[in-house]
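Order of writing sets the labels: A, B and C. Residues in every chain begin at 1.
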């Protein structure tokens, strides 16, 4: 029983050192790994812990392997990126225990006859799919989700229970969308007419690439006239708000509770911390990193690591510093006055020399 | 085919200059407008772009019309507010392409016999409506929405898929509520008894006026004993949290991810930026403007534009400034000492004169 | 009709002074209480208002009772915690008017034959319950909620409409979960492989204790390998995000829109204000109090009251102070220079003595 190391290497690559017939039942981190597991070393500071693991095998870099070679003699898989190897191995073990979903449409689902559902797709109970929608091969739409008119769901994409994808929106292949997420609600666009707000119809779509994961209760609004666009490989956490006409570049990762205002353009390979806030109509360059809780109020044109949140203090200390923050212009004025006085004192002394 | 300019003016007002028989197929912004479109000029800085548009007609102010009169000779509609005119024209074109919804109750909906549903209302698949609820004329409740006992939904109001409106709550006419929004969940009220929280029943309602739009995954809690009240014409974006007993004044607009704590009273015609935070039990005057990401910790009694967020920096620079922010009281003390020393130096010099 | 004071005291304790046969129809705060009500005094500053109440009876402390004894001669219930007594009395009145829910499974619910549903449980319309799930005695699952495979819902726990509880997760007894909340979506875990994010399967659960209330549209992610754990008596408001592997201690209260990043450990009896942000992999001691809008970027090891948000100003004033905040290191440098100059001036003066 279990998976033999030679099978792992065949599937995921890496250089096997040791007996390929050794079978492992699963993967666990160094701190939890038991004799039946394979484990991994992704940070050199845990070398001594790795050297003493009881696990049946170890995934690690060749540098780490050499470093612990004197004490660790067990089986190992060498790879340049042990953490990514761990992720892929864990996926493989998870697949083995996953329950197979039976293709077909649950009898309680409400699917319009003019929708196009692949024979290999899985449509759960009480799903509603409107006319013209297309659900591709092996896509899985779980209980109670809603797919609007002419929406398109790519192959192998999985909607968990209670996802909403509105009319005309589309998502590519191998996507994962978690419960409560709403794709394609109207963007927030109004014209003010003497104090009364007049709605601007939101006639664009949401277009999402391949290999995108979207967390729970996230919202991505449809564009006002053009589309809101999410690139390939983007990962969005829970409770993110992406407003109309935003563009998120490929392989950008955004943590939970972040809000992105309308028409913001985020580059590729960015990492945005939780509860960040991005102003509308700005652009952020590729490879920018934004700290959690940071408000980005202007465009960022240079890759790098950006931060802006008020530091934590005991409340009594914060009360004192916050008052000064509010009065900083007065403090600066005071310093300028002191500077002048000192300058005249210095000159006075010079004169007397 | 298309809509003739004379029809537009008949419906929406404005002064037509040019051939009223010209027909347009839709409306587009200056940057995208093609020959079949009508377009609009709402900002004088785009006059030269407007003067060269290929669009069949132009909506603009009389001042702008005069300014470009030397180069633009096409048809035009003069109005005092071209942007609002654009919004209304866009609504009109959107209505023309909208699919008509068929009145009636979908067979998979679960409607209590003691609910009152107007004959012209549209109740979608798998909607649940409890006893005593009233759905007014031409209201539309989309797939999977839930309407609790004795709730009231006004005429022409549209709930998108997966809206929840709990017992006794009400919304007026011409409202739009987007997917995943929850109206009337319990407010967050507890009494502390020796470290254990005792729930205070939330027996008030949510009462929402006419012409209100509410974004996706927003939450508006029912009052503790009295009601939470949202005025007429209020526009709420996605993922907003409005706590129990809040009052939001007419025609106030609140952007996404904003949180408003209990019993806050927001005036009329306010504009609140995204991810703002409003403390409980405070009041904000009419016509206040709050920047995105700003925490309002005290009442605002004077209309104006208010801000409070930590400015963005490169992380390394932020690290340095944040340390100083935390130690500002020490810096102020240092300045006071310098001031004293300088004063004594000055006096010393005076003495020697 | 109504509830006699002697019944209240029998159910909820306290010392009755006055006629126990007096019946009251409900409870109301001092400001609203009418002759048929019982009311309460929980803050000594309202003593004079309490002394003049028209309410049939008054809940208060013995100290307050003595203080107003000269003017108030009506019935009263003495208790050490009048506010908690009010909460419990209000619960009692609310129970009296609540509509009884009929045990059983609604015919439109979709319950797997291999799920275990207590005979006293109430399963609403269009609920979906998967195989292996267990719904305990008197639990109530309202319309359209989803209970995943092998999930466990404790006795007397109430899920409002549209709650999602994913596979293997569990919640204890007497819980309340509001609409739109998602328990057990995947945590946000990825390994980066040459710029591409590789998903780490989230194989842990969410385990929630007894007497927990969770607001609307909140999300609690399942653990990556171990569990996300919510203690007994925890109260979570709306739109909170709790990431994978967090632990929230017993009787902690968290207000709306707060985000807690992965593997954060929050102590017992903490109070966390709205829209707070807690970094991942930190721990917060028991009895910490965090202000609204505060980002907690490091562990807190000492109980106390912590704050960190940028103070509100008029925008024009903020513009000035924010520029200085960003340039505080330059200001500190300037002060150091002044200090040096002054020191040399002082020394110069000393030399001349």
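Everything below uses one rule, namely that contacts are C-beta pairs under 8 Å (C-beta built on N, C-alpha and C of every residue); 3 or more make two chains touch, one makes a residue touch a chain.
Every value quoted in this text rests on a predicted model; they were computed, and no experiment measured them.
Colleague: List every chain that touches both subunit B and subunit C.
Modeller: The common neighbours are A.
Colleague: Same or different for subunit A and subunit C, when you check if over half of the residue numbers at their contact belong to both copies?
Modeller: Under half shared, hence different.
Colleague: Using mean CA coordinates as chain centres, what's the gap between subunit A and subunit C in Å?
Modeller: 27
Colleague: Which subunit C residues sit where two or more other chains touch them?
Modeller: Only 126, 144, 162, 180, 217, 239, 257, 275, 309-311, 313, 325, 331, 335, 338, 342, 345 qualify.
Colleague: Quick check: in the complex, which residue numbers of subunit B touch subunit C?
Modeller: Within the complex, subunit B contacts subunit C at residues 110, 126, 128, 144, 146, 148-149, 162, 164, 166, 180, 182, 185-186, 188, 190-201, 203, 217, 219, 221, 225-226, 239, 241, 243, 257, 259, 261, 275, 277, 279, 289, 291, 294-298, 304-311, 313, 317, 320-321, 324-325, 331, 334-335, 338, 341-342, 345, 348.
Colleague: What does subunit C use to touch subunit B in their complex?
Modeller: 28-29, 32, 81, 83-84, 86-88, 90-91, 93-94, 99, 106, 108, 124-126, 143-144, 160-162, 176, 178-180, 213, 215-217, 233, 235, 237-239, 251, 253, 255-257, 269, 274-275, 292-293, 309-316, 318-319, 322-323, 325-329, 331-332, 335, 338-339, 342, 345-346, 349
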